[in-house]
């Protein structure tokens, strides 16, 4: 046991305890993430459990403190808000807990390490994808993820940065729905279709489930040629890659990230000098050409 | 006249007030002298309460002038009026149910009184002075109506008032409490405090008022010294015509048995049993809280009971809710008109058709034409004064509201009609109309159970009375043979 | 029949129909700035966006008219959506639809059972009971799918009914809109012509008096919650058909939107007075507002500010209108 | 004399479900080997529920006076953001905190004006205000979290008095004491009970109902702002998503505690119990490692159960035969 507060850490079978704290247990990618932790826990000698961040910073802070109280050796957090849990994570580290950030980037010191795809890079990939289809440039729209969510922020920033070098690509409109809610994404997409019509040649939607709504909107308007980009690489992404004329998904392999998180956590627990703070997992760019190379995940 | 009479504490000059559709006060003038008890009488809707509410600042007058204690008052608020020395006991009870007795007495004056302890101590003193024993820490919601009335009186006394207005304070007091109230009123008078006393009980006017003002339809008809007016004169001024008798001749149409209540038991009621015959008016006599209302509510299926057995027309019936009761030919005009009787926001039409709604429904659909017919018929038959059937019932005077509720039930031609305090707060004229209606109902073969806290009413209207005391039936009388004293003795029996 | 149109009558009309006026002004401004607003495509757009919310709002109207409130509709949507969509493959689309509606009905009955058995006849008591039930329904939905969304488009069997609800048109009118019209017609007839409809108003007006006069108030409560549950279930089906995804938290926030739509429409929150027709107007305002603001290129942040401000304004103005009527 | 002692105890057991349920949790947790009873956890339990408790205090005042304030979440968020932004731009901490609190008071005043003076339905108006404030928060931050740049700001919540008691807890305790005192022992507080108990009666009894009731909204705005600032200090950042779910959470906790939505009944201490009950419940669930969806189900059932039992107890009391 590592937690300072843990008077007697339950040491069952000599395994270390890992507490996974998703931003919200209702978020399918996080729910799947927990499954992956459970699936591979034995390989990495962990007993895993989950405390819910309940889509609220104060709740997530509570959960981190509860994990410390439980004497967790490792806490893996998917943040609701990259900044707000920093004090709690620092306190946890001071108590001797290894704190990893899951599927999001972090600043050094805030946590012990992070494992994620580079959400900022996703923007670059999208720009490249647009240029592949429209070498002379194109116009389109961006539909962000949940307002204020770290992944949504990074994806937008990365996209904006990458676009700075490509004035031939023009983003007509950018809107942030309130939640990761496909219905909201669809309503926004429908209104954008009304407003810009055929000017829309591509849509970058920050998550594949939201892109489902976008595709519904495009279908209704008969705009079957529009290039749609999503992020996640979940099951629906594989479906959409096949069923929509131009659909690409920037896959983040949750299973890989979960395994990597446990691997790195073990390095830190062993005080291995090779343990790194930043652990970027490469994207799986899922397109009509590449989808056969990957197995669709079950979420 | 003693010397104080020459010095008015209150002068009202040509005050008018209109509500939408009603001219509630029409150039009313009135003078109240120091140290007098000034009675005000008048039919329902005469404008008595409205005038008082203007004085206390709840309503603003449309025109006219008011002088209080020599000062002209204009656009006054309730706070200001109290500070000036004018306090009022409203007709509708005016207590916060969720708070304690002590805090209610000094409502809004918590820190003035010096905090929690002081509030209760001072309230104790005040309550003792009017002979009221209620615990000041008790929550008002747990009190009976008459206890609440006493708290109201204590509250009014707690102000250093020069004029106290009492708007029907006696409507729910027991005889003992009434005596206490009269004593208090006299004490106040001796201290030079003036009192405006509004009531529908004419006896009270003659018992202790010095001056009486009669109002009708928003006008002051006359102001007289009490020794210069007779009861009949007063009544004819109130209703605008002479009334020979306050009660119609007693109906005499009693037939065979219709209702046999064998055994009602609740926390309060013990083996309550009685019967009712066709064409009979059965009066219930008892003190406040004796269980009269509880008995009829249990009969009507309004409340849960431990046990009851009821026979209608010789057959046992199950009455678990008002719907069952109505199916078995029962109807009830409840005692609290506003809370239990009326849908204040709804039109007169909808209030009247309420109980007949089932009859008007065919395959789930309401026949609206029939609904209007019913309402028109009842408005006409009962002479309900309303601008139209579409008027919100809230805007009608108490007597007319009560008639509308009666109409609601009469449409069903119930076999058994329960009237719980049907004339409470209703003027003489409207009362008489209701008595005539009762007579008509029984003559047409209906039966009535009458509950009233006004003994003369029960005695004059009933064919038979039973007394209830503490949840038990204590006696049965023929009002023609028994004396009022005899009956009251049984009602007090423990 | 030739009433003169005076300025006064125009002002009176405006006063009495502020929300309709607001919708018109919004539409006019938007159509000037964004000509695409008045295209058939956008009107059809609005029609479909209208779909899910209006269903709940219609059910919520009965609840609020009866003097109650139902915060559980969000949870019901989530639960019905995931169960219905996931059942298409195992039991077929018609049976799945029926199961969905029955679940909505059961949820509604459960609410009314709690309210009646607990004697929770105050609006505030019902508020918290149904809030708690919403948490419960959502949790059941989460447990049912283990938080994963289920996709209509993954179905291996026929899901043509859902597709029709989600995207088909009959002439210029979307199928979901036709469903709405049918529901509206039925509910309006119930409200204005039937015994149970009157009972709802009477119960909302004064439950004690209504009960004593023989109105079946408890049956009425069961009825309104059952209707609300069923309408939420229909809303869930329309929503899932439209988005083609059902997620166990997709209903979140719909309950407050529905309440706002009902009250902005002019149904009194305290009960006793209102109409499903008013709710249509209220819902239209909410949907149009987001459509227009999107077309005007207003960012979602500002949209939120404006939405809050306009809702407050609508209720405040409507209130002033009633206030001046009352005097 | 005897009743003075037994009455409150009797009251607690007949009317108060939250304390009993809380007691049950404490007893249950004795039988499980969890870190529930560690000093760290118990302090954290209080510390991490402090911001909610602060909001609940003002919320209770509004409820007692017969209103309701669903904009507390929005006020929290925006006032936290204001504080952080001002401090980051060089404004001194006390001034920034003061401005934030004044902002809360101003929103409370607007809520109060609209609902009390204009006689609109507070439930709906404050709901709308919450939506509006969410938009304001997003606009102020462009929907990104902003971090506090002045480390001293963190001390506001995190400074440990005597090395143990976090400043946040201290602020919470002071707020609770002030509100308990306000409601129990001041004229203002008693007038709130009167207004909530019966508005018309309070009016006719000479209580200045309009300003008093408006003031309750201001107080709610102020406590929400204090909570917002403390939350921002605690997590050293501001974001438009904070307080997203606060209003209904607080409302149900307060009602579970025994303060009535109908007004006139309840009190600050009851609300404290209600909030702590739900906090302890979820802490105990976490300590027992109960699956998070099952947790949600159980919390829902607890809320329904307790409120239902309260309703049922009242029903039984009404209908005793």
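All chains are identified by letter, namely A, B, C and D, in their written order; residue positions are counted from 1 within each chain.
Simple rule for what comes next: a residue touches a chain if its C-beta (ideal position, glycine included) is under 8 Å from a C-beta of that chain, and two chains touch if they have at least 3 such contacts.
Keep in mind it's a predicted model, so treat the numbers as computed, not measured.
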Set of chains whose contacts include both subunit D and subunit A: C
Farthest chain (mean CA position) relative to subunit A: B
Winner on C-beta contact pairs when B-D is weighed against A-C: A-C
Centre distance in Å when subunit B and subunit C are each reduced to the mean of their C-alpha atoms: 44
Centroid distance [mean C-alpha coordinates] between subunit C and subunit A, Å: 34
Centre-to-centre distance between subunit D and subunit C (centres being mean Cα positions), rounded to whole Å: 30
Junction residues of subunit D - those touching two or more other chains: 134, 138, 143, 293, 296, 319
Sequence positions of subunit A contacting 2 or more other chains: 25, 147, 176, 178
Set of subunit B residues in contact with two or more other chains: none
Pairs of chains found to touch, sorted by chain label: A-C, A-D, B-C, B-D, C-D
In the complex with subunit B, residue positions of subunit D that touch it: 184-187, 190-191, 193-194, 196-198, 201-208, 264-265, 319-321
Residues of subunit D that touch subunit A when the two form their complex: 33-35, 38-41, 44, 48, 51-52, 134, 138, 141, 143-147, 154, 158, 231, 234-237, 239-242, 244-245, 282-283, 286-287, 289, 291-293, 295-296
Subunit A partner contacts - residues on subunit C that touch it in the complex: 34, 36-37, 39, 41-42, 44-45, 48-49, 52, 142, 146-149, 151, 153-154, 166-167, 239, 242-245, 247-250, 252-253, 290-291, 294-295, 297, 299-301, 304
Of subunit B, residues touching subunit C in the complex: 20, 300, 302, 321-323, 325-326, 332, 334, 339-346, 350, 354-355, 357-358, 361, 364-366, 368, 408
Residues of subunit A that touch subunit C when the two form their complex: 25-28, 30-32, 35, 147, 173, 175-179, 181-183, 186-188, 190-195, 197, 209, 212-213, 216, 219-221, 235-236, 239, 243, 298-299
